[in-house]
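As written, the chain order gives the labels A, B and C, with residue 1 at the start of each chain.
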């Protein structure tokens, strides 16, 4: 019973809030630039509009082109099941075996989605698609070493790679946020999240110039419900990566244990939303204050992320020996 | 308390690595300034500790000197010296930046293994702060040899001095006061002299690219 | 009375600021250097009778024993002689329009600061202040090296200041570790004093001390011109004006070596035997001699040749001191004195040659014996002396070094060293042939000495190195033996 509640709650939260995150980030950017900007619910309106339009499919494309939006949406949603939005609604002990949520599985589910997008972009034979694919693949392979080191270190700290146990151990243990290890891993993870969600400084999500696109170039050929699913999938992926960061590194979930289950859960969801707002603020400020870097400067950023993660690992290794 | 010092030492190491990843002269000076602020905070903490434990003002005075010298005066001097030099961005490197960042990573590991052999620093476990501080020295030296412009050598030297000061503070709670004062006087004089020489080099050689200084060989 | 050594140079800086004519500046310089020489003589006498000279000023900050007093004497004597030479040299430079009168004042002021820093390094008991003083010598001499303000000297000055500052920074790391090794044993009022460190040497933390020693040798070795940290030396010593070159080569290198020796004693007493430090010092020394041998063979500039010869002799000194037997230490100290005197003579005569011929290349110098009747022969004899020919003093100390190497059962080291010195002799001899007996370009030069005080100074130095090559006065010998005892830690 607890499993089903957890699953329903999780899916509802994810589907409900994924487009909201985009809107919030866009609104914060607009406000800092002293313009009004699009309404916060803009992505909802877009998705609704897109679902009602017909999907145009090129007839030189194969089944990959048609299947990819579904795969992207499905992998993102499945991966999000492994990242609980609130530590308090973590399923009880016997859940860990029923819903094994390994961090490595998480990242590679997302990688599966990315793989299919890259193929689909090549499928239509358009040059922009090919360009977007090659860039996306390069960025993701550069960022992968730091992902692995971050997962490793988190696994070392909490003695398991399951997302549930990492969150639980960070929430209930003494590793406070201002320790050297967590700050380094937080910064490394921040760069990883920005890379994976294709935001400035890796890629500008609001550009119209095809030569500067990475992610957008790959979904250039999609329309109608396919495009809706791709956009929704990307939004869910962004939500889940941000949830991962927020719940691991900012586990301010020390709620009083009094009160009935429902109230505890509701409060914890509110705290979760507050934390997401904070992270959205950070990402928006980074977007506003930096520029999209030259494509060949991306290895610099990736190296920086790697060394942050590696230093975090080293500091843990040095401290943890005691 | 130890916790915060650990954190500060890691942030200092981070600024050293950020320095290696920059390309613009202004960024070098700005990152150096950030590092100097961190060092001043570390000195301030240790100074308060020594004030509470032993009642001595030495380290606090040194903290004040650091703020005056390294946070305010030296960056100003450097900005003025390099304002008239034409190149603002270094375009030319021996090795590209990601490799430089990875090599500074290697230096951190190297300093860890070197210092873990010395038992006086480790009361049971390796002293994280001294490892970080020593790595800053090595990274400063590495920065010096990896840059082709004169500013790189000056900033590398200053970062080395930062690292040395923090190593001293973490391992022995500071050198004798008079020695510290002497070190600061030497350092500021060295920066002044180097600044004057850079201006003269720019005059005579029309660039501050160190590779142009090749007349005396053999 | 010994504190006059500290006050006199600072007073001289103040006085030269207000002096109006060049002649006053020269007069101040002679007076101050003579005063320093006299006070040094007084200190020597005090040390020879009492063993140590110290005042309770600032908790015994001023402390000299036999080792420091030997080097102090060398410093003040050579400083006096170069000041006398410099009068003639600088007057010529001003006459030929190469230096303005304002620069003369700057020259003297920097020189006094340089002298002050060096004397401070030799007479202070706190190793931290020793460090500060040696760094100060780098800073003071940086502009002296770049004095002629052409691209080459600017390059030399830049290399000098960067490499030496980095080396000195490395030394500071070593001193921090030295402090760390003593933190439990010595109370903070006495921290880093070499006499206290020596007396507590057995109780210091050994691994930290070993680590510290390595850094100290690398760092101070940069300043002393040991390979592979020597790269600044040929440039700096050849581009500086000749009196400054003589001071840098004859005096500064010794001070850096002195600092290494102080720390060496402490480490050796702590570890008990000298194998660790021996390996390090003999390694660096041998490498220096090898480097010098390789580069001397291909030199085209005679001042650069002399600079490489400095590297070679510093290598021999490091080797001798590192070997750490009583005879080798005696030979090393003697070699310090002999090398300083001979090298000074050589650099001063090369200054005369440079002023007369206006050329730095060996190929442009010809007919030296006729054109400069005093400097020429002295330069010839000096080149013979520096490559180890009897009856000059360097031959004596080198022979002692060889004897001590073979006595200590290191035959291969001895053989290698002999071969290297033979190679160096060949290189210098080839240069001599080119200068003195070659045909070369016959440029019409007016024969005649241009620097009369300088000629007198060089004559004095020549007489001294011949005399000390044959006979060492008893007082001097006793002083050296006392210093040897101190180094051995007894």
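The rule we apply is simple: contacts are C-beta pairs under 8 Å (C-beta built on N, C-alpha and C of every residue); 3 or more make two chains touch, one makes a residue touch a chain.
Everything numeric here is computed off the predicted structure, so don't read it as measured data.
Engineer: Report the chain whose mean Cα position is at the greatest distance from that of subunit A.
Structural biologist: C
Engineer: In terms of Cα-based centroids, which chain occupies the most central position?
Structural biologist: Central chain: B.
Engineer: Mind naming the chain pair that shares the most C-beta pairs in contact?
Structural biologist: Among the chain pairs, B-C has the highest number of C-beta contacts.
Engineer: Could you grab the centroid distance between subunit B and subunit C? Build each centroid from C-alpha atoms only and quote it in angstrom.
Structural biologist: 31
Engineer: Taking the mean of the C-alpha atoms as each chain's centre, how many Å separate subunit A from subunit C?
Structural biologist: 66
Engineer: Return the distance between the CA-based centres of subunit A and subunit B, expressed in whole Å.
Structural biologist: Each chain's C-alpha centroid was found; their separation is 37 Å.
Engineer: If I count partner chains per residue in subunit B, which residues reach a count of at least 2?
Structural biologist: Answer for subunit B, listing residues that touch two or more other chains: there are none.
Engineer: Which residues of subunit B touch subunit A in their complex?
Structural biologist: 3-4, 6-7, 9-11, 13-14, 17-18, 21, 96-98, 101-102, 104-105, 108-109, 112, 124-126, 128, 131
Engineer: Residue numbers of subunit A touching subunit B in their complex, please.
Structural biologist: My answer: residues 176, 178-180, 183-184, 299-300, 302-304, 306-308, 310-311, 314-315, 318-319, 321-322.
Engineer: For the complex, give me every residue of subunit C touching subunit B.
Structural biologist: It is residues 126, 128-129, 131-132, 135-136, 138-139, 142-143, 146, 149-152, 154-159, 161-162, 165-166, 169, 172-173, 175-177, 179-181, 183, 188, 191-192, 205, 207-208, 211, 234-235, 238-239, 295, 298-300, 304 of subunit C that touch subunit B.
Engineer: Write out the stretch or stretches of subunit B touching subunit C in their complex.
Structural biologist: For this pair, the touching residues of subunit B are 117-121, 137, 141, 144, 150, 153, 157, 160-161, 164, 167-168, 171-172, 175-176, 178-179, 182-183, 185-186, 189-190, 193-194, 197, 200-201, 204-205, 213, 215-216, 218.
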